[in-house]
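One chain, subunit A, links the two complexes that follow: it is found with subunit B in the first and with subunit C in the second.
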Partner chain A sequence: MAEHVILFTGPMGAGKTTAIQSLSEIEVVRTEATNSERHIVDKATTTVALDYGEILVGAQEKVRLYGIPGQRRFNFMWTILKKRAKGMVLLVNTDAPDPIGELLFFLKEFRELYDKGGVVVGVTRADLVEGPSLAEFSDALERTNPGLVIPVFTVDPRKHHQMQNLLLTLVVNIEMRAAFGMAGAR
Partner chain B sequence: MSTGLHMKPDVVEAASALLGEMKDAASSLTYGALLTDDGFDVARYPVKADGERFAGMASSMQALSEAVAHELKIGDSEYIIIASGKGHVVQLRVPGKELVLSALFDNDATVGHALATTRQFAQKMADLLR
Partner chain C sequence: MTMDVEHVARVQPPDTVDFPVTVGWTPAAMAVQAVLSLNTPVHLRMVIEGHDPLLIDFRHHAFSWSTPLDEFPVEAVHTRLETVPTSADAPPFFELPGQDLDGLLWEMGINAFGGGPAFWLSPGERYRLTRWPNLTQHSHNLRQVQMIAVLGNAYASTAELAKFAGVDESEAQRLINALSLMRILTRSAAAPAASMIPQTAAAKRQSLFSRLRKRMGR
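Coming up: the complex of A and B.
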């Protein structure tokens, strides 16, 4: 059975745990703790180690889904998790103070996952606030990382089908780049 | 909106005093930290140590131990021990609180003594916060 290991990254509050919960066909392994930073992101709990879920794509391809804790103070977990991943779903919430800055920060931190497989971006909470448009996210990527092929979508992490489309786009992207020798060299 | 325990001066003061008392009771204690469930440093011994990174790591370890206990259906994770050539790390939750006590002892302490001491001071911290 073929396997993919995909990392869900992005800032606290972007919807990483919710996305893995929506996608996973097994009970998700969660490491939630009470959030002390409700003045920054108003949610009751936050991931402090990892999330883990699994989904089958087609009949024979298992995708292992890992989620990072979004806060910088957990970056030791980022180092551990990025070693095992071969692709990244980068989620950014438009109601973050600087969503484009967060996008570029996480892409830079996890850039090796583009080289190892591929990256897709999911813009979340776009229906709640007037944030940057998809074109502005794409332009920022093109300006700072010219030549990279990174699809950008708006998604609702609670919706299985939207997350599945995002994940399938990434898996196809990884497989095409591997087939053409454009990824996996590192 | 709730404020994290690491931002409450009375909690930080009590936690600092408790770690000092713990060192007086166990000379083999070389590092001790009280931290929030979500990885914020509340107090540490020695005070001058940089506790931020360790607090994040200890909170991840605590959450992973609880996830493993849940996965294996063995009840709650009561404590974590890391045994190494130069000492033991003992870590457990302050009973009933969103606080974790993590302590490093040198090899002059047995694992049993280290665990008993850490348990005793975690309970003291819980009593102080009652």
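Coming up: the complex of A and C.
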């Protein structure tokens, strides 16, 4: 069976599990445990190994959606998951203590996914709190990664249609990068 | 290579533009482009038949209009357009935050110039994206996403863009106009033509993007 692995990355509380739930056609496999870092993100549970969902494209083809745990202490899972992935949806919540820092951290950590496929950034909770503008996110990307033109959108991970748009944008961007010989160089 | 953001000498705009009654968005887009090119603070007020006035505060990159953008009147009848001089420390034109100006510029650019090139674009240029538009906030179709992905990865002329994305040239031109009005395109007459790795028509049809679109009913 052909498969396409997409990783959902970003800090704890960015909405990765919710985003996968919005897209998945199967009941999402979740590995949650009590959140021991409620002083950082006030939610009862958090992902500790991975989330998993999938979209069946045809009888013999699946898009597998993996959500990483956002906390750095679980980064052994990051190494395992990024090996098979072709692209990344990077979610960053504007109410994180340093959302631009988080964006740059996760992009650096998963940079190989940009090089071999593509990346799209979803900025979450932008309608709830005032944070950096999209232009500021894009400027930070350009400053630290000159020449990278990564799609950056505001999204609500609960909204199926918005998450579909994000995923389709990622996929078309991966295909365009491959078509112009820009992906898979490393 | 020229960036789309051009600053010209400080020039005082006229208080009111002599603006005949027009249908559609071409003169309005031209006025916006002119104001964006002025290095002087100015607001715009557009009077459109059957709608409340449309107010634009460029300093705050915002607009105020009671008409929602998902009901954007493509054939709007503009009866008056006023420039309203302001200053760097003047209060905003309307109560902020208003709406993000990019959404209006997207609609205006897509719907102005009738599928021909915007007047500020020059023949022989190639274009490349400097920043993706926030598509979550703009009504768009997936052909436009495909074209934007081309421009995010390669310089392309309007004709090349249309060919790469498999769309009509007028559709590609509308997108170029919009992205240019939003000032998120780099223009170059010297950039060489990009080339795609050859794909068969069948391979194109069978791209994951095409299959996912179909699967998602999009």
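By our rule, the second predicted complex is superposed on the first by the 175 of 186 C-alpha atoms of A that agree within 3 Å, B and C clash if a C-alpha of one lies under 4 Å from a C-alpha of the other, contacts with A are read in each partner's own complex, and residues count from 1 in each chain.
Criterion: contacts are C-beta pairs under 8 Å (C-beta built on N, C-alpha and C of every residue); 3 or more make two chains touch, one makes a residue touch a chain.
Since the model is a prediction, treat every value here as computed from it, not as a measurement.
A.B. asks: Determine, for the superposed arrangement built on subunit A, whether subunit B and subunit C clash or fit.
C.D. replies: fit
A.B. asks: Going by the contact rule set out at the top, does A:29 touch subunit B (first), subunit C (second), both, or neither?
C.D. replies: first
A.B. asks: For A:173, using the defined touch cut-off, is the partner it touches subunit B, subunit C, both, or neither? Pick first, second, both or neither.
C.D. replies: The answer is second: A:173 touches subunit C but not subunit B.
A.B. asks: Please work out whether A:151 is in contact with subunit B alone, subunit C alone, both, or neither, and reply first, second, both or neither.
C.D. replies: second
A.B. asks: So, A:49: does it touch subunit B (first), subunit C (second), both, or neither?
C.D. replies: Once the two structures are laid over each other on A, A:49 reaches subunit B alone.
A.B. asks: Based on the superposed arrangement, let me know which partner A:181 touches: subunit B (first), subunit C (second), both, or neither?
C.D. replies: Touch status of A:181: second partner only.
A.B. asks: State whether A:4 touches subunit B only (first), subunit C only (second), both chains, or neither.
C.D. replies: In the superposition, A:4 contacts subunit C only.
A.B. asks: In the three-chain superposition, say which chain, subunit B or subunit C, touches more residues of subunit A.
C.D. replies: Looking at subunit A, the partner in contact with more of its residues is C.
A.B. asks: Thinking of the overlay built on chain A, is A:138 touched by subunit B (first), by subunit C (second), by both, or by neither?
C.D. replies: Only subunit C; A:138 stays clear of subunit B.
A.B. asks: Under the superposition described above, what is the C-alpha centre angle at subunit A formed with subunit B and subunit C, rounded in steps of 10 degrees?
C.D. replies: Spelled out: centre of subunit A as vertex, angle of 170 degrees.
A.B. asks: Across all Cα pairs of subunit B and subunit C, what is the smallest distance in the superposition, given in whole Å?
C.D. replies: 25
A.B. asks: Under the touch definition given earlier, write down the residues of subunit A that touch subunit C in their complex.
C.D. replies: Touching subunit C: residues 4, 55-58, 61, 63, 134-135, 138, 142, 149-155, 162, 164-165, 167-169, 171-173, 175-182 of subunit A.
A.B. asks: So in the complex, which bits of subunit A are touching subunit B?
C.D. replies: By the definition above, subunit A touches subunit B via 29-39, 42, 46, 48-50, 69, 71, 73-74, 76-77.
A.B. asks: Along subunit B, where are the residues that touch subunit A in the complex?
C.D. replies: My answer: residues 1-7, 36-40, 52-53, 55-57, 59-64, 66-67, 71, 98.
A.B. asks: Any idea which subunit C residues touch subunit A in the complex?
C.D. replies: Subunit C reaches subunit A through residues 128-132, 134-137, 142, 145-146, 149-150, 152-154, 194-197, 199, 207-209, 211-213, 215-216, 218.
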